[in-house]
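Consider the two complexes below, in which chain A is the common component and chain B and chain C are the respective partners.
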Partner chain A sequence: MMRERALAVSRSSGHMTMAIAGTIVVLGAAAAIFAPYLAPHDPYEVDIVNKLQGSSWSYPLGTDHLGRCVLSRLLFGMRVSLGASSLCIALTFVISLVLGMASGYVGGWFDQLLMRVCDVLLAFPKLILALALVGTLGAGMSNLILAIVIVQWVSYARIIRGMVQSLKTQDYILAARLAGTSHARILLRHIAPFVLPQMVILLAVDLGKVILLISEFSFLGLGVQAPAAEWGMMINDSRPYMLDHPALMLYPGLMIFVTVMAFNKLGDGFRDQLDVQAANKGRGWKRNGSGSSRFIRSKSKHSALDKQQM
Partner chain B sequence: MKFKRLSMTLMLLVAMMTAVGCVSSSDGQPKGKSTESKAEEGLLTMSWNKDIGPLNPHLYAPNEWFAQAMVYESLVNYGENGKIEPSLAESWEISEDGKTYTFHLRQGVLFSDGTALTANQVKRNFDAVLQNAKRHDWLELIAEMKQVEVVDEHTIKIEFNNPYYPVLQELSLIRPLRILGDAGFPEDGSTAEQIKAPIGTGPWVLKAYKKDEYALFVPNEHYWGTKPKLKQVKVKVIPDAQARVMALQKGDIDLIFGSGQLSPDSFKSLQDSGNYQTAISSSVSTRVLAIHSNKGATADLRVRQALEHALNKQLLIDHVFYGIERKADTLFALELPYSNVALPPYDYDMEKAKQLLDDAGWKTEAGQAFRMKDGESLRLQLAYNSEEHVQKAVAEFMQGEMRKLGIEIELIGEEYQTHVQRQKEGSFNLIFSETWGVPYDPHSVVASMREPSHADYQAQSGLAMKPEIDQWITEALISTSEARRAELYKQLLTTLHEQAVYLPISFTTHTAVYHDRVSKVEFLPMQYEIPFHSIEVRP
Partner chain C sequence: MAGYVLRRLIGVIPVLAGLSLLSFLLLHLVPVDPAEAALNLSNPGASEEAVQALREEMGLHEPILAQYGTWLYKAVQLDFGTSLVSHQPVGQELGQYLPATLQLALSALLLLLVMSLPLGILSAVYKGSWLDRVIQFIVVSAASVPSFWIGFLLIYLVSMQLNLLPLMGRGDWTHLVLPSSTLALAYASPLIRLLRTGILEHQHQPYIQAARLRGISNPKRMGKYVLKSALPPVITALGITIGHLLAGTVIVESVFAWPGVGRYLVESVANRDYPVIQSYVLLMGTMFILLNLAADLMCAALDPRSRLKEGVLP
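Entry: the complex of A and B
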């Protein structure tokens, strides 16, 4: 009884967290989309006479070292962070899905080759590898996205491969094979529907980390280039004014903190729900979920962008 | 190279944390006591952004100028208003044809290890530098030097290929022609790679050193000149500008000195606090944008002139530099030798800039954010050194201003090495550059304009009269007639100004911020030298 109640409480507080996180994400996305209408000023308009001003009615969060409106830049920064990280995640998703499914389903030398490539890529710390790639390709947003995708797809592809491999031996797949269903149809109709939802959640969990990564690179000057408004770069830009105008650094820092936290909480919530669902289904989950939540948990343990590697 | 920049940034972060850590740990001691003991020892603690390097007098980076100048001396000194003063050489004679210089060395000069300075030792130093001549090809003096001869124990004769006029100025340089003691030479006699020990005749001796942490200098007891009042100078390596400011505020360091050691904003904030002594030197060098005359839209003179008219320098001086740097309208400050040429400045005039762009065929079109010509939009690349915050601020300001004019400026921020590489390759429309300051300005700078591996050469490469420009420079450097030289300089500076290949922004300065216990902080005529000989500290 006690345990059940405790579980219920934790679940409802979990729902609460998810609701808050979800609201933040939705608000953030709306702010990003409507930034041009919401921003009180042109985020690129330099007005050096009005630099480093405090809060006022026309500049709610003051101005930066070039007299640009901080609030407007934060709003436009939301576009960069959400846009670029979504693009990263989408590309990663497509690449890892195609390669992972092919590798798991075809097996043989193709699987071996792909997994050895994965081994090589996984042998390097992700952040260092991404840095090296951006260093070689040159600083810039498109190169940064490319580098993140290159280091990211590996671990997802592995997870998908594992899922496909275990699904492949399920009776219903074997039955389909016997019935003469084509490989393409099996992959699309019988395997993909089980893989996709898990992947979406996995990627949602990592979205926050990608946002953080993009900000990190921009802080180092390897991501977006001036004058684009981006949180990481705004922090770096305000470093020389840290002592006299700490707020300049605080605002973008808070934005990163809140956004990343919201995405992480949302992702965690989704994952927990999946666990609960799987547990409720009892023995039956094996056929349905095909052990995917176990994969997800093991995945998050050595996640692509885990803290230890940062 | 990007890696270097990254590791720099990481190091910076680490250093920042360490600095903060150090500050709090030293805070634990009773403050009054630590200040007292400092004063007793006559200790001055200064911050510097880099390690002082291996103190090789014959090489460049990573050796730091000021540290080389503390330990080593040259034959002559560069004094006030460019007057050449005796140093290790007490007197000298120049032959009629201007090709032979005879130096009489000061008697009784001892190296810090107690050995005497002789003509042989001077020759050995010069020969070591000449052996490595390729490394010094930027310096015309080395190329002109034919041979060095010992006349007697205290007399040395140097012969030159041509009557090169700035010989004495360039002999006064901090590097590469300062004198290393016998014990400092490696076995093979070559200093091109390393030295054995930093033994010089200068007023200071390196006593303790920990790479990337600190260097401790004490006075050279054998020094021939006036001994410094300080008993010790400690140079703390603090790479991050903010960490330097915090160290000063905590009393960890006494002095921040130099160019680029403090951002204009930090300087102003420290000055406004009223808790420190501050000083600003007279102009040191010129901060300019080199405009490429052979690349894209800037190949057109009218576009270059439009850029000159479109930059509101006064706004920059008032709001970015806070008057710490003065406005510049010419490549060289007028008070420099041969540089006082009357040139009409390009005034800030947006209308004129628009007119020039229209004339050049770059027209504003409906529906286009930027000016267009033959279906192409007006887009220029502006490269800056991302380690210099001021450059970035100026670049972003310029980007905003040019947008109003219909010019799209693409900013390229790179770390120092990549930035320098870009200067050499000439892959830019506009790039930040700086003249070298006295005693290099103007002769060494104009000499280097002939070298393809310099931004100046690249920027000028599209000028129809570039071959003549190079000829004028060569002739000016070896002309024996003062009037002819002045005329050639005038011709050169006028042409460069009219062709608008440089956009002068400001004259850089040195700044100093120090605690009340420090006094007599002066600025020396030679850029990069720090006045440790005059500074005093009191309890």
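Entry: the complex of A and C
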């Protein structure tokens, strides 16, 4: 009883948070898409005479050490962060979906092999593995995205595999088999619709983590290469001017903070809702059903850790 | 218990083998030939014969499995090859930088415990109060902030504006405060969160109610009964966190110019010093695996349920 009441209270305040977080995400995406129209200046235009200026009508957030407009660079940085992290997530999604579903449905030696590969990849802190990959492949955005996808797909493929494994022994799947439905059709029409929505939420939630990771690599000089505008790199660039111009360091950090926070809050909210839905469907479903909500929940327990893993 | 320990120890072997294979194969991912890469650093424009000679010397003409065998045999004896840049043995260089990193990670771990245990307990005990909300806000914020930014903010506020602590570098304990706080802050959130959920989950269990009816005082009940059940997942997380603390030093060391293996790695990545990268991955991976093993064994000692076949709590 007490728990239910507490849940109801936290749910109503949760809706508010989610609305705010959602607005921030939408605004951020809009800023990224329309950056060329919104930015007051060319983000790459160097104007040494005009360097390190404070805010003015023409340069609302001032200029950096090369006289470039900080506001314009922040807006274009949103493009890089959201664009690259969405690409990472999309690639991760496709790879983990294909491998996870195949591994869960087919089983056998393929499944065994894939799970051993997962074991090894999961035996690393993600940051180290990504560093090693970028280190050997060479710095740069495309290599960074590749490295992130390689370290990310594992945990999702595992979740999908688990979901598919418990789904394929369900009565309705067996019935479909008996009716002569092909494997491809079962996977596409009877299993995928169940797996997809949950995966979309899980992955969308992790956009925040990926944004953090990209900024970390760019800070180390291994991600986006100059002169492109990226928040982590902007913070690193502002280093020598920190004492006299702390704002140069402050703005990009705030951008990362607000964006990642919005994604994290949104993710927590979605997960709670999935949990509530699962609980509403009754105990029987939870006990011997596909247990998808169970996977989501165990994932969410992990993801509190995962957030830092990277 | 002995059976569980044995099972876990045996389970670690294939993972270690996979780790070594992965670190070995890393070098063969390199878009250019390793021998050419090595020569490009020391002697750009070397002749084809020189490259061939080096290939022979590095054993690159042998079948890949034989190369792996030789490499592993040497690595087990702590011989990780020589750095392409300094021409020093990599093992020796890593050994030289490792103490600084371990010192940083250990003091961060200490801070992490001092910080997250009380915060986790307080936010569970005073659930829903303003204190809990403040702590929750800190937890969510800390998980959304890049650690290097926190580091710079601390440098700006504490070192530059207040002049309290040294800016960067390694020296006496005052140099240690900012980097280890940065590192600890970056990894505190999941621990606080786990501890809070754990306590809340167990607080209203019948056996805790029974303890309360028996008149056992609040602090004692919390310490002896609730915490004992809430801690195992936290310990597991701690094992993972220590590994991440070690990995996170890469960034914090770059921020504070801390002379550890993390900064050495970033330099090596910039120089494309492949043997160093390879050895670093092997070293960190091994430490990570062993730390997780230690955490699992500790949990098993604390909570008999986790010794069950799957190693998963029911």
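Here, the second predicted complex is superposed on the first by the 292 of 310 C-alpha atoms of A that agree within 3 Å, B and C clash if a C-alpha of one lies under 4 Å from a C-alpha of the other, contacts with A are read in each partner's own complex, and residues count from 1 in each chain.
The rule is short, and it goes like this: a residue touches a chain if its C-beta (ideal position, glycine included) is under 8 Å from a C-beta of that chain, and two chains touch if they have at least 3 such contacts.
Keep in mind the model is a prediction, meaning the values are calculated, not measured.
By the document's definition of touching, both partners, chain B and chain C, reach A:L131.
Which of chain B and chain C touches more residues of chain A is settled by the count: it is C.
Touch criterion met: A:L243 reaches chain B and chain C at once. Of the two partner chains, neither chain B nor chain C is touched by A:L27. By the touch criterion defined above, A:N264 lies against chain C but remains apart from chain B after alignment on the C-alpha atoms of chain A.
Judged by the touch definition given at the top, the superposed model places A:I256 against chain C, while chain B stays out of reach.
In the superposed pair of complexes, A:L66 makes contact with chain B only, with no contact to chain C.
Touch criterion met: A:A139 reaches chain B and chain C at once. When both complexes are overlaid on chain A, the residue A:M16 reaches neither chain B nor chain C. In the superposition on chain A, A:E216 contacts chain C only, with no contact to chain B. Under the contact criterion defined above, the residues of chain A that touch both chain B in one complex and chain C in the other are 131-132, 134-135, 139, 220-222, 239, 242-243. Every residue of chain C that touches chain A in the complex is listed here, in rising order: 14-15, 18-19, 21-23, 26-27, 29-31, 128, 140-141, 143-149, 152-153, 155-156, 160, 186-187, 189-190, 193-194, 237, 240-241, 243-244, 246-248, 250-251, 254, 265-266, 268-270, 272, 274, 277-278, 280-281, 284-285, 288-289, 292.
By the touch criterion given at the top, residues 6, 116-117, 119-121, 123-125, 127-129, 131-139, 208, 212, 215-216, 219-222, 232, 235-236, 239, 242-243, 246, 249, 253, 256-257, 260-261, 264-265, 301, 304-305, 307-309 of chain A touch chain C in their complex. Residues 1-3, 5-6, 9, 241-242, 245-246, 263, 265-266, 269, 315-316, 319-320, 386, 389, 392-393, 395-397, 399-401, 403, 410-414 of chain B touch chain A in their complex.
Residue ranges on chain A touching chain B, taken from their complex, read 44-46, 48-49, 51, 65-66, 131-132, 134-135, 139, 220-222, 225-227, 237, 239-244.
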